[in-house]
Every structure is written in C-alpha cells, then in structure tokens.
Amino acid sequence: MIPLCIADVARLAGERLPQGVRDFVDGGSGDESTQAANRTALDRVRLLPRVLGGTGEADTSTKLLATTAGMPVAVAPMAYQRLLHADGELAAARAARDAQVPFIISTLSSCTMEEIASVGGPVWFQLYWVHGRDTVLDLVRRAEQAGCEALVVTVDVPHMGRRLRDVRNGFSLPSDVVAANLGPAPVSAAHTRQAGSSAVATHTALAFDPAVGWDDLAWLRGQTTLPLVLKGILDPRDAERAVDLGADGVIVSNHGGRQFAAAVPSVTALPEVLDAVGGRCSVLFDSGVRTGMDVLRAVALGADGVLCGRPVLWGLAADGEAGARLVLELLHTELREALLLSGCPDLAAAGELRTVHV
Amino acid sequence: MIPLCIADVARLAGERLPQGVRDFVDGGSGDESTQAANRTALDRVRLLPRVLGGTGEADTSTKLLATTAGMPVAVAPMAYQRLLHADGELAAARAARDAQVPFIISTLSSCTMEEIASVGGPVWFQLYWVHGRDTVLDLVRRAEQAGCEALVVTVDVPHMGRRLRDVRNGFSLPSDVVAANLGPAPVSAAHTRQAGSSAVATHTALAFDPAVGWDDLAWLRGQTTLPLVLKGILDPRDAERAVDLGADGVIVSNHGGRQFAAAVPSVTALPEVLDAVGGRCSVLFDSGVRTGMDVLRAVALGADGVLCGRPVLWGLAADGEAGARLVLELLHTELREALLLSGCPDLAAAGELRTVHV
Amino acid sequence: MIPLCIADVARLAGERLPQGVRDFVDGGSGDESTQAANRTALDRVRLLPRVLGGTGEADTSTKLLATTAGMPVAVAPMAYQRLLHADGELAAARAARDAQVPFIISTLSSCTMEEIASVGGPVWFQLYWVHGRDTVLDLVRRAEQAGCEALVVTVDVPHMGRRLRDVRNGFSLPSDVVAANLGPAPVSAAHTRQAGSSAVATHTALAFDPAVGWDDLAWLRGQTTLPLVLKGILDPRDAERAVDLGADGVIVSNHGGRQFAAAVPSVTALPEVLDAVGGRCSVLFDSGVRTGMDVLRAVALGADGVLCGRPVLWGLAADGEAGARLVLELLHTELREALLLSGCPDLAAAGELRTVHV
Amino acid sequence: MIPLCIADVARLAGERLPQGVRDFVDGGSGDESTQAANRTALDRVRLLPRVLGGTGEADTSTKLLATTAGMPVAVAPMAYQRLLHADGELAAARAARDAQVPFIISTLSSCTMEEIASVGGPVWFQLYWVHGRDTVLDLVRRAEQAGCEALVVTVDVPHMGRRLRDVRNGFSLPSDVVAANLGPAPVSAAHTRQAGSSAVATHTALAFDPAVGWDDLAWLRGQTTLPLVLKGILDPRDAERAVDLGADGVIVSNHGGRQFAAAVPSVTALPEVLDAVGGRCSVLFDSGVRTGMDVLRAVALGADGVLCGRPVLWGLAADGEAGARLVLELLHTELREALLLSGCPDLAAAGELRTVHV
C-alpha cells in the first residue's frame, strides 16, 4: 500500500512497531476519552469555502514566531524518537528542515539538541521544567547556543498522566535510547523495567519539578530573549496570564490526550483562548491534527498555526526520514489543496473563512 | 429485486460496476466526511406536515430559471456518463426529457452537447472554466446554439479534490470514453493510466484554469443573455456577490463531497445563503439528494429546486435509460406523495412548511 | 420467556407472525426514519422526579374526553386486527375494557363496530373519510348508535404512505379478513395480491377521499354532538384551526411513522401544539409509546393522554386477548410505578413534573 | 490482569459473581436507559485544566458534613454486601476506614450497624423509612449510639424500581444473607425464591412505608441532632424544600438508574440543584461515578463530594477487603492526579475549574 493519507501511515506504523512502543505512542491517559474527544470535536468543525479566488495559487508560507515556515505547522516536541527508528530525531528533523517547518526538540530527545540543530532546519527547544533552576538555565543556554529560535515551555506536565497501556505493558526504554540532553545517568529509571508500572512515568516523577509555577516562568522570561511559548494552555485565564507575563505565544493543547484525562477537546478551547489573547501573542493549536484540513480548521478559527505530533512518529516508524517527510508532504499537499478549494490565496484569507460546528 | 427506492438502485449499480468506476462515482475527497455529513444533516431536517389540504392533488410542476419543469429537480452535471452505460448522456437525457426536468450537460460529457440537446428535453450547459477565454466563449456559443436554456458555471473546481479511491485504483478513462465537447486530444491525459495517481485529476489540472475569478464571471455575464447560474456556493458572502454580478441563480453545493474535504454540509449552508440572496435570484440545492422527501426538505427550507446527481448514474449503471428513468420516477412519486402527505397542493404551499432540526 | 416489558412482547410477536403480517405491522413509510426518530426523541425526554409525595398511592385514572379511563391511554385505531389473531378486535377490545381504557374502533376493523361495542368497554370510533358524505354520515350514525363516546377523524391519510415492506412482500389481506364495517365488496382490492404492490394501499386509494378538507370537517362538526377529535396533527397552525372548528381534541401523531416519511418526531411537535391549543381542547399524544414511562413523558409535557398502537397488536399476535391484556397491564404497572417513583399521587401532579431534553 | 482502573475491577467482578448477584448489582430499572444516560452525561462534561499551580501538591482532603475525609467521596449505602463477599460490609468499611472516607451503612446491611461501626472508620447511617415511626426512631437511636456521624434518608424509594433482571432471574437472597439491622424475621420474604418475581422487591414492598412525606421528615428533623441528608433529590424545588426543612445536605442521585426509569441523568440535574440550594446546605453527587476524574467533574460543577457505589461492590466481589481498598485507592490516585494535572492544589481550587458540555 502506498500511503495516501496520514491514516495510511498510522496503519503502516501499527504493523511495524512492537506493541510496547506502539502503545507508548498511541496511548492516552485514563480512559483515553480526551484523545477521542479531540478528533470528534475537530471533525465537527466544518468550513464554508469561498469561490473564484482568482489566483490559482495557494501560498502556505507563514511566520511562526520568529521563524519563517513553509506552512503553519511545527513538529511537536516528542520524547525518545529513536524508539521509532534508529535515526530518531535526526531523521525527523531532516524531514522538517526539508518541509521548512520548525522542529521542536524535546527536553527528552534521544539525540542531543546540538546534533539535531546541526541538521540545519529551524529548531525550537521544548523545556520540561526539571529540578533545579541551574539545570533549567543550562538547558536554555544550550538551546540559545545551538540556534534554537524559540523556547517552548511545557506547562501541562507537573506530573505524568497515567497511561494505562504503558503500565499494563510495564513499558521501559531500551538501553540504547537515552535522554541525550540530560546525560545517561538521570534517565536510568526510565530503563528499569518493572511489571505493573511505567518506567517512563517513574523517570518523569524523579526528573521534573512538579511545583513549577508562574513565578518560575517570570524568572525564566527574565533570563532569555528567545521567543517564549507556553505549551498546554486551555483555560483563557491562563492565556491572559501568559500574555501578562510577556509570553510570545501560547499553544492550546491537551497534550494529545496524554495528560489530564477529563480535559476539554483542544479545538473546543481554542476560540476562548483566542478571544482572551486578543492578538497580543501568537496562538498555536495542538492535539489531534491529522490532515491538512485540520490545519486549515485551526487557522480558520484564528490560530497562527498548529503542532503535529504522532503522525511524524508514525512516519518515522513506517519509513524513517522518508516516512517523516511523507507525513509532512501530505500535510502540505492537503493544506495547499484545502486553500485552493476554499478560495484562499494565502493564510490571511484562510483566517477569514467562516466555520460551523455540526 | 425490483428497486423501490434509490437506495435499491444504488445497490444494483454497486453490483454491476467494476470497482474503478464504482469508486469514481461513489467516492469523495479526503476522508469522505463531507459526503457523510451531507446525509446526516439532511436526515436531521424534519418537517411538520399540514393536514386537510382539501384537494387531493399535488402539483409538482415548477419553473426552474427559464425552464418549465415537471418537478423541482434538475439532473446534475456529471462527467463521462458513458462510463456507466454505452448510451451515456443520451440515455440519461432521454430519461430527463420524459420526466420533464432539465438535464445539465457537463463540459466533460462523453457525448457532445449537440447530440444531447437533440434528445429534445430541456438542457442546460455546465461550464468548467477551461484555459482560454476563447475556448470558454466557444463552448458558450455552442451551448446557446444547441438550445441550452441556462448556463451553469461550476465555481468550486479551481483544482480537483483529492479523491483517494481514484488514486488507489490508478483510475483512468477507458479509450472509448472521451470528453466529447473538447475533442479527443486534450483529454489524452485522462486516458493514461498511472499507478498511484488519478488520470482524471491529471487531466483536470491540465485543462482547467485554476485562476478563474469574479472578473472572469463578470466578463462572461457580458457575453451571453442565457440565465447564468453559479454552482458551488456555500458562503453567503459569495451568494451576495453572485447576485451583484447579475447571476440568475446560485446552486448551494459542496460538489457531493468530492471537492473541499472539510466543507459544511450543503443543507446546513442553505438557510444563510437564502437569507443573503433574499429572493434576488434563484437558489438551487445540491449534494446528498436521495429521495423525494429530500426535494421537499430543500423546498421547505426555501430552495427553488434541487440537483440530483449520483442517483442518475446509479440508474444508468443498473439499467441504462430505463434505470435513469426509474430514478427520476421514484423522485417524482416520492415528492408527489410527500406533498400529498404534507397537505401541500403545490410547491408554493411546500415553501410554507415548517422545518425542525433534530 | 415470560414477557416483562413490551419489548419482550414484540419479540414474541415477531417469532409468531408470518413475515408479511409482521412487516405490515412493524413497517413504516419510506426509509422508516420517522419511526426511528420517534423513539430517539422520546428516549431523550428525561424527567425530574419529585420526592416525599406522602401518599404511597398513585391514581392513574383520568378522563379522556367524555370517557372515564383507568389510565391516560387509549388503544389506537388499527385496521384488520384479525390479521394478528382470529378474535381480532374483539380480543383487543375485551382487554381494553378490562383495563378501562377506550378502544378506538378503526373504520377498517375486521369485526363490525357493533360487535366490538357489544364487548362492553368504552369505545370510540375512528373515521377514515371514505368517498361520499352519505357513507361518512352512515358510519357516524352507526357509531353514535353503537354507543361510541367520541369520533376520531384521521386527517393524515389523504393517501397511504408508501410502505416499502408491503410493496416488496406484495402484501394483501387473506380472504377471511375483511373491512367489516364497509361490507365485503369495496375491500376486494385489498385481497388481490399483486407482486410489487401493496393491495392495502390499492384499496385505500380507491376507498378514501383524498380531497377531504377543513370544510368537510366543519360540515361533520355540524352533524354530530359526539366529541370530535382530529388525529394526525403536528403543525400548531393546524391545531389552532381544529380548535376554531370546534374540535374537542387533537391527537399529535405522525401515524407511527407510516405516513409522511420526513415527519418531525411526534414528541418534538407536542410542546408547540400544546402552546397553540392553550387548553382550549384535549391534546392526546401518539406515535412511539412503548412503556408506561412514555405515557408519563407525554403527560409531563402536558398531554392529556396517549394512544398506544403496535404494542396491542404484538400482544394479540403473542397470545390473543391475554396478550393484549398483558400489554395494557404492563403499561398500567409501569405508569403506576413511574408515578410512585416520581412522587406523583395522580396525573395532575405528573403534569407539573419538569422535563429535560438530553 | 492487575486491575488498573475501576473498569478492570468491574470485569473481574463480572467473572467471579454468579449471574443472579451480578445482575442484582449491575442492573437498573426498566430499560436501564437512566444508567446509560448517567455515564453519557458524565463523559460529556469536560474540564479546562489550569497550569503552573506552583505547588506540586494536591490535597484531596475535605470535610463532608461533620466528617473529616481523605477525599470528597463516601461509600454509597448499599444493601446486603455479604452477597459479594463473606466479610460483606465489614470488609468494605475497613477499606473505607483506611481511605478515610465515610462508609454509609445501609438500613439493609447484612452486618449490623454496630458491627460495622466497630471497624473504626467514620460511618453514616442510611435510613429506609420502614413502617412505624417507632421502628424508624429505634434505628436512628441505634445509629446515634453507634457513632454514626450523619443520617442519610433515602427519599427515592417509596417503592422499589422494577428491575427486570432480578425478575427474570427470580432473584432472592441466600439464607445466610440477612437484613441484619432489622432482625431475621421481616426479611424472610427476601429469601423466598419465586419464579418471575424479585424477592428483594417483595420484601421492600412489605417493609418500607411508601407514604413517607415531608411531614415525616420534619418530624425526624426534630428527633435528632445528627446532620440530616436527603438522598435522591433531582428537582431543585425539592432541594429548596429540603433546605427549608433544615436538612444539612442533599444527595443529587437517581439511585444509579435503579429507581425511576425515565430519570434525568444525575449530573444534568446537579447545576440547578446547586443554584437552588445556594450554599445553604451540602450538596453531594451520586450515580455513575467510576473514576477520580468523575469526582473532579462533580467538584468542579460545585458539589461538595460524591458517593461511590457499585465500584466498591465490584471490589468486594473481586477480592474482598483488598478489592474494596483497591477501588478507593484508584479513586484517590486518579483524583489526586487529576488535581495535579488541572493545576489545583486543593478542592477549593477545583471548585473554580471551568466545565464545558461537549
């Protein structure tokens, strides 16, 4: 089967991955209803296309924070990509580079941020607030040094969501997949297989500071001139607070249904966050994006762009760098076509499309 | 099985057609959610019948633009009908003639418009905006000459929607099915089978002008006195612009779910288009009509009539001209009964029926 | 299996009836979506029970028009009940008598109205407007003579809905089942089996006057002092007109989904009819009642009572008079329990229950 | 399988219990639609988590009426727990004690209230209004004596809901399971197996006073200084009346779908009850709680806490005291995580979370 859409890639990945890794990638927290609700809510957003645009062109390019991008998509930060393919983040980052989209390096990447940055595409750094401001600052300085164009602080993981699939599988990292940015030592917990528990969750509980608060973010804001983005915002009151803090962007996300198990669908939360922000910072959308039509949905609702996560992992699993590239090409092709078919020469026009909730 | 409803005809057609053609007819673009949403939305429109009409008669006749019609239905423009039956458009046009409904000749008809017009029923011409205003004008002049009573310009295909079934099937036209109005040459791309791509889409990309805009339509308006109808309007702002341009009608349509893959269900878009138009031009409804009850739904919501597409192709596939005739007879029988059972002596009364969205 | 609810009785009936009769009873018109929508809409009506009623009693008795009834239920008028059991309407009427509920004799009953009335329970007569005011008047006079306590004029059958199951089955009446009130002659069409058509529909088309109108009803109002009820009202404008005519009641009904195939669910139409009528005449509810909880739903919404149809036929099919009695006992038991559990000592209290649409 | 969530425990219990007991526990009244609607409605309540709480702590402790509790959960009063495990209520009460949550002793407990109270955890007493104020008062005095910290009067069982599973099974209590608080005699009816009827329902009909009313409650209010809670309130008018009576709390409940078969989902009724009460008494939520996320849903909507019923029985069935403990631990773990992941250091913060109905 030649994959014609991301659903095809997901099927291929599902066939190729061992169950433990597949479940680690595909699973959500609790009853996984948040994941399902993300898709249901996206499917119900329908658009009113315009006609007779008069150009026959559709320019998908945009600016995401300080980064010029070929389309309003960034590769979401995702841990341990070498689980999917030996080339891990390097393969995915090359695909992102070729698609001209930011690759967001996870704190828990299995290649170092410096290696990934050396691929040559635009990169952002995602920060998990690990214990110790010194360690945090060290990661930030390395990110600045490596040329990261934005700093994405994940704010929805004070604690890892309980992902039952990983617990059932007693999932742990294989020895050759490490948290490369953190050095091999602290991640040893993630390698210690234990029946009835997720080693990755154990490691997270050890490594992350669960008490990170707005004060810490204010401190961080003072430490760097990189564009600062808060990932995992759903409540408009938090979005406003992020703006007041001086954040350059917020990412409306429920972590793909992997964290808070009773969360609102991400796209349901988007309009009020946009209202609260009122254009004072960038707003990106995350959680559930599977097609270029989804990208257009988010843009039509007012988002500046989206993050795409699991699909890139499925691409890696299906065919390494080529698979990741295919995923991004599919998104681009679909988005471009969706713009053409909705009469939008560019993303600004797309922002004027009307949406209906069916 | 004697087919008692269009669903029966669809089943028969499904049994008789080779997969490639069946998929070409039945498929939609992207995840095919627009198609499904069309039906769901129609099914949710329920009507409040009136009682004691006092006549026992139900007059389904109406005027569709300049054409007197036996019922408020036109056969939608559909390409290459010889794929379904050797007699192709001639068979379907004869059925339409006998049902006294306009047959809308596709630019991509597999019999020439002159042959189809010679069948003797009311015909309209559907224009795909091919490259070159001269070629466009030539088609329009031929349509005028052939006695077409309206000119339907399809405005939702600047580019062909990505129909995965055709791509998977590597669908191409058999050599004996040609775009008869355009001559055999330009359509050669549509005959070139290529694994992993739709030859029909390739041809479209070559033949159609993706940059057609409102200016082109204004120019066309100046070139002909035929009633001018824009097909593929969903946004009320476009409907207003069509009125301002001097269009005689708009067709609210999402191309049966074959074009923009995240489109609003057609019937969901209808009320606002009707409001925007405010009676200043005709409004026809297209996409998803499968029963006479659907025709009544559209009329009760305020439409002047509907287009019916795939069912006529299923009729052709099931039994050629007789099959197409059966489909139109079923629609007429069902519509007539629906009028009787909703206490409406005619379509004007039907326009006063109340609707509920359940 | 001992049947514990009407769904159990339906299953039993389904096992015992030949397909033709089962389909005649269970089928609806067109795509049968109206039938399905009736149930979905009823299921979504949820009630807020009250507590601490303080009596431990639940009085289900009421007055339905001029008839004192043991519960707010009448047996709906249904044709040809000898199809279900040799005792036909006599069996059902005996069950109704014992349950103290009105049995509504159909114009098309397979026992004569006089025989049915002689059973001794309260009976009403349902009038199909057959050709000729003399014939109509003759039926009305016979009904008066026989002691019928109300006259129910069915206004939603100017023409019989197209019930595909009957057409597929080529359904016709067996020779020993006749329209007893009309004499054997006129119903011969209903006995003439013809492939691809419903003999019952053929007979209806011959026997009924499709042009019956408000004037006819006004004439009828002047001919009898019996309480006059119009069955098959869904639009509040018709309900008002019925009141203006001097009707004593309206029955909100879509004929169990057997007539107009795109009709609103009956319970969805009920509140606006109640508003329009404003207490100026009785309002009964019909179409979809399957449990005592459904009876309470209708009463809580404001109806004076309900008609129950198919369940009684299922009872007849399952076990003749005993089966019909069981059905009415189940309804009574369930209604009584529902009143007790919603804290209502009587139906007046039930009318004050709050409803929620989920 | 190690049970990781209550759904796992339910599966285990389902495997271990004989059908009669399983159906007695799992069944609802009538068509069991109320049960299903409870879950559907809860699943549709989605929350907007907050971020950057800044503490990393989540304090689940609270006060439920006069009782200090480790989390806002009480074990719902449930009859005859020795059906599930030989240790019955003693096992469950020990689990509740260890989880620091109130165990609500049923009037129909199969161990005496004194035995259960001697376990040493906080206990409340649930009163079914049996015949005779003397008997009622005797139960209340024993409850006071035994150290019960609240008196929960169930007001939604003037009569037992018709649970078809029990009737089909001819369910009766085994001889070694008795209504220990009432002495062996009166419950003999519950031990008399009879085909086609539920012995438990028969006993209820004999033992309970169906005529209990607001006057009785007023009298009871005057008899005891224990916090008085009314369980089974859904209509806000009843909630107000409870407040006026001097009740200390109301429990919004439809008895887990076991009583009034057309009841509103419990969570749908909650907001209006909260509005009506306006903080003048405690409001607890019951019916459908299966996860810690559900506890948080109720708290976010404004409830002071929840009752959890069937899950504790499943725990007993799966593994006695350990199983019940596991269920309460799962709820606690999930609630604690849900608080952490929604940025709430405590339940007061949880009360400020916004909810969305999808």
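Labels for the chains are A, B, C and D, by order of writing; each one numbers its residues from 1.
We take it that a residue touches a chain if its C-beta (ideal position, glycine included) is under 8 Å from a C-beta of that chain, and two chains touch if they have at least 3 such contacts.
Keep in mind that what you see is a predicted model, and the values were worked out from it rather than measured.
Tell me which chains count as touching both subunit A and subunit C.
Looking at subunit C and subunit A together, the chains touching each of them are B, D.
Copies subunit C and subunit D touch; is their interface built from the same residue numbers (over half shared) or different ones?
Mostly different residues: under half of the interface numbers shared.
Averaging only over C-alpha atoms, locate the centres of subunit B and subunit D and give their separation in whole Å.
Roughly 59 Å, centre to centre.
Just curious, how far off is subunit C from subunit B if you go by their C-alpha centres, in Å?
About 42 Å, centre to centre.
Would you please write down the residue numbers of subunit B that are in contact with two or more other chains?
Answer for subunit B, listing residues that touch two or more other chains: there are none.
Among line, ring, star, complete and other, which best matches the way these chains touch?
Its topology is that of a ring.
Tell me, which pairs of chains are in touch?
Applying the touch criterion to every chain pair yields A-B, A-D, B-C, C-D.
What does subunit B use to touch subunit A in their complex?
30-31, 33-34, 37, 40-41, 155-156, 158-159, 161-162, 164, 167-168, 196, 209-217, 230, 232-235, 237-238, 254, 259-265, 268-269
Would you pull the subunit C residues touching subunit D in the complex into a rising list?
Of all residues in subunit C, those touching subunit D are 2, 4-5, 7, 43, 45-57, 291, 293, 296-297, 333-334, 337-338, 340-343, 354, 356, 358.
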